[in-house]
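Below are two complexes that have chain A in common, paired first with chain B and then with chain C.
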Partner chain A sequence: MSSDEQTRIISRRDLLRGVGVAAVAAVAPSTSVALDGAIAPAGAAEAVQPAATSAVRREAYENLTAVEADALEAIVAQLIPTDANGPGATEARAVHYIDRALGGALSSSRQAYSAGFAAFDRYCRMTRGASFVELSTTDQDSVLIDVESGSATGSGAGFSGSSAQFFGMVLNHTRQGTFGDPYYGGNANYVGWDLIGYPGVRTSVSAADQQLMEKGALKPNHRSAYDNEMFNKATAGNGHGEHQHGD
Partner chain B sequence: MATRLKDTDVVVIGLGAAGGVAVLPLAQAGIEVVGLEAGSWLTRRDFAPDEIRNNVRDWPMAVQKANQEVPTSRATSSSPTGRGASHPMMNGVGGTTLHYWAQSWRLNPWDFKVVSETRRRYGASRIPKGSTVEDWPFGYDELEAYYDKVEYEVGVSGNAGNVNGKIDPKGNPFEAPRTRPYPMPALRWTAFLEKMAASARTLGWKPFAGPAAINTRPYQGRSSCMYHGFCNRGGCHVDAKNSTAVSTIPRAQATGKLKVVTRAHVTTIESDANGRVTGVNYLVDGTEYFQPAKVVLLASYTYENTRLLLLSKGTAYANGLSNNHGQVGRHYFSHHQGAGVSALFPFNLHAWYGMPAQGVAVDDWADDNFDHAGLDFIGGANLWVYSDRRPIGAAGMSTFGIAPNWGSEWKAFIRQNADRSNNAYIQKTTLPYEDNYLDLDPTVKDPLGYPVCRITAEYKENERAIAAYTQDKMEQWYREGGAIQVARAPLGGAMGASTHAYGGTRMGDNAETNVVNRWGFSHEAPNLGVLGASVMGTSGARNPTLTSQALAWRTAEYLAKNWKAVAT
Partner chain C sequence: MVYRTVLAAVVAMAFVGADAAWAQAPAHKILVESPTMKAGETMAKEYTPDGRNISPPMTWSNLPQGTRQIAVVCEDFDAGNPPPWVHWIIYKIPPTATGLPANLPIDTAAPMPSEIAGAVHGYNGWRRPMYRGPAPPAGKPHLYHFVVYALDAALDLPPRLTRAELHDAMKGHIIGQGEMVPTYQRN
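Let's turn to the complex of A and B:
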């Protein structure tokens, strides 16, 4: 499937969900005008803008507040940055994945996001004198190291439990939104799969295909699992922890 | 008031790996069977290659019964109690065989005779202190015919190592004699697996392809494997994985003798004043039913088997069904120790389209295949190097301490190494101990108000010594294969809920120490049979499913052949 087809599919689904067409522009800068997802009514026709005139608009979020979304966009841009190794979580639209999931399978994490971002913002202001998005990337990195290591926990910012828990949750979800199936709203244009050399979802891999891959000659397959008509669509259920095999 | 349904000959509780096999010989013998399954039917359309749903979130299960009954666990009776977020097993016709790894091992003959063989070779003092291990009431030879039956009825691929005493180096030279080869050849190897096999040979070990309930050629009218890479916690989109939902259960239905009832939430088993079971109470969407039966076969998985017996009190069973000797819940153990080894290689492994049942096994350090005279433990482990990778999992790989977990440095690391790591599955002997057991949790209840199962268990010195010893072997193998980094997971502590859970209703001739007899029927309630790994007294270094299925077939066949004696 071409990337144009992918864009069309995402935009149709998002239109049905009341998200602005601008949301499909995978490279929308995170600092442009916000459509506050928290107040955008689901299915609001007025929120839909022609793509040509709304290219500068940022994602319209359904669950994150504008403040949370700004902070999260900035965090994921540090976690999986856009750099010499190519596109990162921003281009993958990892925040779009998280926003959608918070209204469904990850709804049990919604409170942890609200409380975590409030504490995160207090920590940035208390220790660095500004909100996260206002910090230099060097300061952003040092804040994230504090939060990851848990050293931000006892700062009085009000992390519930360890700040490392909040960090781990955001990192996990950012990876899901970068490397997961595009069906869920992230990994836009397959940037995550291309980054790590995953040759894509297939329903059949012959011995010859395997040998081609071993020679580095297997062409990446840019398809969602659900582009195959043979499968029923997944539904959003409540998430449970990842299982480990018996041992 | 429960609706009393029409009588049936046999009611089977749970149509998973074990119950789903037992229904076939019963139905073929003309016995009327009602199969009660908590879950619903799932088909190949439900099995999209979707890592987020299968491996990160949860399954396309219509029914979440198991997830509402997650056992609590604690290491010892004085440790704090914890509880996992979800159950290791799933509800559905076919049970967890829908998404298991499908490794289908026979036990080693030593596993049936741990006590007598240890005494004979090393002396009685070598049985670990506090262990309640017993010899099985029969040896490997008794089960061979049933292993063979299930391998052909379900469909297992693999390379035989010993057919009637003739050793074939393509298979496991340590396996006991089998009467004929597997019905299908083993799953193919990747170039990396070939390389690891060659490295094992360099070390003087004997590598071989492991057995799997996955078709490698069209079998019973179903496709061969497509190697698409979503087998780990994934159902099969072409029915090449031989779940009982596509093998034995439909064949039993075709006889007209099996009635499958889905969404049946079993609450208790009824018994009379004489100690015989009379039927099963269950709910479907809140409506109560009583299914009377001449025989009840309990096949609901290890934790639920113990829980249902303890919850099913009656005039003859004040402490729970078949528990007048206090043995229900005892002799619990699992393969949950972890203690794996992972490695980083300086080249891509091309593992994106593999599956966990596709791999290289080494049995040189398993069971009693090596001399333990100078060692401080008995038993051992099967070393398993397999091919299995998906993108989110790959992104979550260990950075082996040479890169951070995020940022540009991490991104450069993952770009280079996402396909360069391997995690060995080291499956170890675990023994039962006096203070490792299952019972009912005193405070945590399911949504119906029934207590959940509580695990009190920890890994002991023998198990930890096996883990440390076999981690050394695994590291040696990885280094020989060219690994540039090797990391070891910690040795086991608390023994939490697992897909490889054994005991609670152990099988043995002695009614003082075992719940079921050598045929799988209760020592106390003669028309109650128990199926699954809960009857197994040792684990070996093997996935339990094939042995559970062989035992289930044997119990069902015994019932069919001795119908009057058991049912009346």
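Let's turn to the complex of A and C:
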């Protein structure tokens, strides 16, 4: 990829660098597999199973409004796009993850989503004359850059604090929904793990597996960490003594 | 008092030195204009994040003889730590160009318009290789310096240079310079 080809809103490479194995490790409890963070996405696309095509039928959302969900679907498709590297956040069902988590572990962010999306929609209409989903890809990129950089903050759209905070929150949750354990409702069909070449949680690793792992050739097991009895589930409850996964 | 005087002199010399290193202050003045902006007047929202945030059209004339390449920088000396805050860097503009059309691509994979084929973007203050317009905090108007440089060599520069890197590369090659300075303010 030439240097001129790599810029997107947040380039896929930046996202993978930011997420890497660390994010996977964060949601995948202790494993004896030595992950060195150098897993390359190369070849991952070929390993990815054909994901379900983007939702044509509207999903029944539990917490997001239809307008919020539509905008969020369009945003995550820009943040981690479906491209030559393989499926992205859409196929991973990152929005499904966020929607469910807003009723549980991410419930403290619900108000930030409501206020943030209201301001985001105002910003799109004020500056580009249409809702986000109605904009061209270029204008969507442009909007997200302005929101990410904080330039949208003083526009009068009504972002609470910096628009960059809203962007950061959505990006963080998109990463969780794409690369987290499928148990939580995202990373559908393991497309996120396949994208970064993460072979899955293992409770034991043979020397041969280790060698394959180091070559990036270990076949993914496509299993949730919680398919193993030894791991405790981080529930999507709202506190009250339950484990929570991070925001 | 003596200490203050000496300090002031040192500070002044430092600024003079820095200015000289950057600008070279060539004698030849390029006339810089825009069909949609005027010096000293407020920029249209279209060129800011309060609008579509597209790059404005620019024109220039009176390039010095021997111009082999052109570079354009937009910077705000009222912002940045240290100033200036850079909004736009574009260079490797062919000497045949008489300006920049509006709405240059923000997707670096997209080709530049034919009249500036070969031009590339450097990094602005947000570390983005594209134009991003004024977004000053509410208060006083800020001044946006659209500076055009004429160079005596076709420098073979990679994309995504920072302002400092571009100035280093241009050092000794600037044979003409000009600017126009519109303003922008948020309430």
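Keep this in mind: the second predicted complex is superposed on the first by the 172 of 247 C-alpha atoms of A that agree within 3 Å, B and C clash if a C-alpha of one lies under 4 Å from a C-alpha of the other, contacts with A are read in each partner's own complex, and residues count from 1 in each chain.
Here is the rule we go by: a residue touches a chain if its C-beta (ideal position, glycine included) is under 8 Å from a C-beta of that chain, and two chains touch if they have at least 3 such contacts.
Just so you know, these numbers come straight off a predicted model, no measurement behind them.
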| item | value |
| --- | --- |
| Partner chain in contact with A:204 - chain B first, chain C second, else both or neither | first |
| Touching partner for A:141 - first (chain B), second (chain C), both, neither | both |
| Which of chain B and chain C A:193 touches, first, second, both or neither | first |
| Partner chain in contact with A:128 - chain B first, chain C second, else both or neither | second |
| Of chain B and chain C, the chain that contacts the larger number of chain A residues | B |
| Partner chain in contact with A:220 - chain B first, chain C second, else both or neither | neither |
| Which superposed partner A:154 touches (first chain B, second chain C, both, neither) | second |
| Intersection of the chain A residues that touch chain B with those that touch chain C | 141 |
| Of chain A, residues touching chain B in the complex | 78-81, 83-86, 88, 105, 141, 144, 148, 171-172, 175-176, 178-181, 183-184, 192-193, 195-199, 201-207, 209-210, 213-214, 225-226, 228, 230-232, 234-235, 237-247 |
| Chain A-touching residues of chain B, taken from the complex the two chains share | 44-53, 55-58, 60, 67, 84-86, 88, 101, 188, 190-191, 226-229, 232-233, 237, 334-338, 340, 348, 350, 352-353, 356, 390-392, 394-396, 405-408, 410-412, 414-415, 418-419, 425-428, 498-500, 543 |
| Interface residues, chain C side, partner chain A - complex | 45, 49-54, 105-109, 120, 126, 128-130, 132, 135-138, 158-160, 186 |
| Contact set on chain A toward chain C in their complex | 3-8, 126-128, 138-139, 141-142, 145-146, 149-156 |
